[in-house]
Structure formats: structure tokens, C-alpha cells
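Next come two complexes built around subunit A: one with subunit B, the other with subunit C.
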Partner chain A sequence: MELSIKYFGLLAEITNCSEENLSFSGKTVSDLKEHLFQKHPTLKLNDFQIAQDNELVENETEIIGIEIALLPPFAGG
Partner chain B sequence: MRYNRHIILSEIGKNGQDKLAKAKVLVIGAGGLGCPVLQYLTAAGVGTIGIVDFDIVSESNLQRQVLYGTSSLGKNKAEAAKTRLEDLNHQISIIAYPEKLTHKNAISIFQKYDIIVDGTDNFATRYLVNDTSIITKKPLVYAGIYKFEGQVSVFNFKKGPSYRCLFPNPPKKGTIPNCSEVGVLGVLPGIIGTLQANEVLKIILEIGNILNRKVLYYNALNNKTNILKIHRSENEIQKVLKSEAIFETLDEEDNCDISVQEISLKELMKKQNFQLIDVREKNENPKIESNKIIHIPLNELEKNIDKLTSEEPLVFFCQAGIKSKRAASKVINSYSLQEGASEIIEYLKTSP
Partner chain C sequence: MKTKKPKNIFKEGAISSEFIANSIAHHQVKTQIGAHNIFLGQVRADEIDGKKVASIEYTAHEEMANQKFHEIREAAFEKFDLSCMHIYHSLGKVKAGEICLFVFVSSPRRKEVFPAIKFIVEEIKENVPVFGKEIFEDKSHQWKVNT
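Presenting the complex of A and B:
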């Protein structure tokens, strides 16, 4: 399936894009993470949560959505 | 007359203005986020406002920390903010805490207020603010910023999630820079802090929809906003509640990422041999008497390290899995147990 991936904060700098389309054949959020780590190896070193269709999801959650967002924590205040 | 524009709103009125006058709000950090929050809460007539900040005003703060001027340089931020805010509104009470928020003073300060606002600029303090809010059962209006982007949420509100439900553990040291390291667009904390002030006012006034179970993400470069749903993790909340008894003995290091090997009781039971070590203080309950367990309080670990020459893998445990992580970080090839003392008692009952 075709997914749209959004990268927030520092992650957009790491992947060098704030948004990209990706063809994905895996099943779960974990599979998607593996896929993204292969494409952008430095992502692995960073903390982030994944949202699917604007809802934060766990590793075991099945990918059924189209819009994926990667949200890192922000330190600044 | 001061609050006329509030009072003529049917959603606020005299009744709502009275609610604001009775409210007590604590703002942690009087920096980029704290300044707009404090300014609007003071102007709105929130009756009691506490400000915690140990830092002093420096010239590079003036680009965004709008409560300060050149005459504030070198002054403590909590005190400089108080001086400015008292001029803005002398009818309310403003209390400055020109000190660092620590595990020792946090609970007693939080208990005096109804709502907590997180305007901190580092993860150790963010997790301290979150955990203290859980323990003292106060709603927490959170925000964090990065260059041109921000995130806002309300935690611990009506059995909703906490910051740990969104990000369970502090990020690895040095992976996420703060504003002083990478810069920030001056107006960004103005926008995000004003969103925080708005959430505080809505909570007090009991109007509108609160950012509970949601995190709002904002990007100043393209004006895009996303609202993402978050779920409460009972496990994360319980871990924090369990640490209450030892909370004052913790320190900042306990809120930083420590890379140690962790093991669950379930995985442990699959192993043939292991040595369990209780690293809690002698006065911590529940007490555990068993020949299977060695008791060495964390602060005595280094001088007793020769007692641990066992061939078996060492597994440290404590009340909530915080001190055991510290212990495991000091001893090579050891583990920190994910569970705590009460689960160990259950385990001892069932094991031969």
C-alpha cells in the first residue's frame, strides 16, 4: 500500500524531507519502523512515536491507515 | 472595570471571573513559554500565580522572553517576572520561587496549586514535573518547542494520559537539542505559550474542549496543525505512583536515560541461577526476608561490591525500577528488574 509519511522536528532534518510517499508491504507498526530504518538508518538512533491517521499507535498495531506521522519529543521551552 | 471584556462574555461572566480569582496556577520555567503564559494569566486575573525558575535573565533571552528588558539583565527570572507582573496586575498574588525544582521540593510546592504549567527546557525537569503532577493529582498543561515547531497537551486531566504515556522514557542524552543549542524563532514560544494559557483558562472556566487525550502539533513555517490522539498507559502511571514513597530521595539522574539490561520477572523465571539484590533503603516497605535475596541499599553498593562476586547473574530490584537501574549501571553484566518489591513477594510465595 501507499503511505504518506510526515516527519516532525529533528526527524525532518535526519531524513532530509518533511513528507514523503512510501510503498509498504508489511503488516504492523514494527514492520514499518524496520522499513523506515532501512531507508533512513539514522532514524534508529532517535526517539519518536508513530501516529496512524492522527492516532498514536503501538508497535503491534496493524497498519491500515494512509497518513503516518513520526513525532519526536521536543526539549525546548 | 479591569475584567469588563471577560464579564460581558456570556461564557465567562461574573461567575467565571470569580473562578479565575480563586484559581491557583504554578508555572515551572519563566522562559520562552513561561513568559506569555504568565503575562496572559496575570492579565486575566488568575488569583494566585507561582513562578519557579532558578535561572537569571541574560541578553540572549530578550529575543523571545517578553517579560524582561535590559533592566532585568542579571536578575533572577522568577523575581524579575514577579516585578513586571505586579505592575500589570496588582490585584492578584504572585509568588516567586527563585530556586531549582527538585525531587525534594516539588511535591510540597505543587500541593499549593490547582493547575501546573510546564515551561521547562530540559527532559530531566519535564519528567520531574510530569511525575510530581501524577503524584499530587494536578492537571498539567504541557508544551515543548523545537526551532519552528511546537507541541501542546493537557495531561493528568480527568483520568487522561500523562507525558509518560506519550513518551515513556527520557530520550538518550544529547539526541534532542534545546533552544540554546540550535536556536528558536522568537515568536514560536509566544504562539505555543499562548495556547498553553488558553488551555489553563478553559480548565478554570470549564468551557470549550480541553487538549486532553490529544497532543497538538504546530509548525510556524507552514501554519500546519495536527491534533494526534494519545492513550493513557495505566502501567506508566502506576510506575510513577509506586515511586511516591521514595520520591524525595530521587534526583535528576533518575530522569535521564540510563542504558542498562532490563529483565522481566517472567524472563527471569526461565533462568536456572541468578542472585536477587534489593537496593531499597532499610526503612522501605514492604520488607522482604528471604535467603534468596541480598539487601544492599543503593548508596552502599560501591563499598559492598566485593559481596557480589557471585558466579550467577546479578539482578537488582527496588520499589519502582528506578534505583535498580542506577544499581545495574554501576555493575557490569547485571540486570535491572522491571518489576518491583511487591511482585517479588508474590514470586517468593509461588517459587519453591
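Presenting the complex of A and C:
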């Protein structure tokens, strides 16, 4: 499936990418992370959460969305 | 005064004193209100390894953040007896000493507004995808993390 991956804050800086399309054949968030770690090894060194269609998801959540966002620690306020 | 659809709560740059004052003035017509409470987040000139923070540049996952602000708003109306509530957060560059977050709650009674403002601010800090790049006086930077 075709996913749109968005990188925010620190993650956009270290991957040098704010948005990219990705062909993904895995099933879960964990699979997607593995895929992204291969593409952008520096991601492994950083703490982040993943949102699928604007909702935070866990490692075992199935990828069904189109829009995936990688979110570094929040710093609002 | 609930709204059903997420509003855009972001403002480009710092939130001015005039904007805050006008916001207060607009509530004079709402005479059922007996108590307001306001929280203002200000950019602090932290000193890290001998370097001083000159400004914070805010970015956000705007769509998700506005959705989260909407959920926080609904939860606050559910938990507390509020007449109205406003949240504004900056995007882009805000200098040390300037305001980056403005939360304003109003209720017929004072007892509601103290826990309400605390609830809302803590929820924002923890659950809203806003990111801050702390820019030092020498133009180098680091990424802020809420503690």
C-alpha cells in the first residue's frame, strides 16, 4: 500500500525530509518502523511516537491509514 | 458555548498583550460570568551549557493538534461548569519574554476556573503535537522537550 509519511521537528531535521511517499507491504506499526529504520538509520537513536490518520498508535497496531506522522517529544506551551 | 468542529487555535508569532486585553474586554457582555482565569505561557531564556535561549520556533502537526485541542475543550466542558473557554498557541518564532500560549476560561463561579485551567494546560503539554526549536543567541539550536 502507498503511505504518506510526515516527519516533524527534530525528525524532519535528522532525516532531512518532512514528507515522503512510501510503498509498504508490512502489516503493523512495528513493521513500518523497521522499514523506516532501514531507510533513515538515525531515527533509531531518537524517541518518537507514530500517529495514523491523526491518532497515536502502538507497535502492534495494524497499518490501515494513509497518513502516517512521526512525532518527536511534544514541547507545546 | 461548545463548538462542534475543531477550530484553528494557532497564531503566527507571539500572542500580544493587546490581543489578550481585547479578549478580556469581549467578555464584558457575558454577564452570567463571575470568574475568569488566565494562563500565559512565556518563552524563558534558559541557559544551557553557557548559551542563552533567544527564541523558540514552534511547529506542529496542525490538523492533529487542532483535533487534540478540540478533545481537550470537550473534556473540560464535561468536567467543569464553564461558560466559555479559549486557547491560542503560537507557531513560528517567539522571542524570550514573549507569550506563546494563552488559555482563558470563564465560569459563573470561581471554584471551577482554578482546576479547569490546570487541567487544560497539563493536557496541552502532554498530548498536543507541538514542537519547539530553542534557538540560542549564537544561532545554534536544540529541540525542546516538555518535562
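Criterion: the second predicted complex is superposed on the first by the 73 of 77 C-alpha atoms of A that agree within 3 Å, B and C clash if a C-alpha of one lies under 4 Å from a C-alpha of the other, contacts with A are read in each partner's own complex, and residues count from 1 in each chain.
Keep in mind that, in the parts below, contacts are C-beta pairs under 8 Å (C-beta built on N, C-alpha and C of every residue); 3 or more make two chains touch, one makes a residue touch a chain.
Predicted model, so just to flag it, every value in this text is computed and none were measured.
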- When the two structures are overlaid on chain A, which partner does A:P41 contact: first (subunit B), second (subunit C), both, or neither? neither
- Touching A:G77, do we find subunit B (first), subunit C (second), both, or neither? both
- For A:A51, select first, second, both or neither according to whether it touches subunit B, subunit C, the two together, or no partner. both
- Message: Comparing subunit B against subunit C, which has contacts with more of the residues in subunit A?
- Response: B
- Please identify the positions on subunit A that touch both subunit B and subunit C, taking each partner from its own complex. 6, 8-10, 51, 54, 69, 71-77
- Item | subunit C - residues contacting subunit A, complex | 41, 56, 58-61, 63-65, 67, 89, 100-101, 121, 124-133, 143-146
- Spell out the residues on subunit B that touch subunit A in their complex, using ranges where they run on. 29, 31-34, 118-123, 126, 143-147, 149-151, 166-167, 169, 171-172, 175-179, 184, 189, 215, 217, 219, 226-231
- Item | subunit A residues touching subunit B - in the complex, by the definition given at the top | 6, 8-10, 45-47, 49, 51, 54-56, 69, 71-77
- Can you list the subunit A residues touching subunit C in their complex? 6, 8-10, 13, 51, 54, 69, 71-77
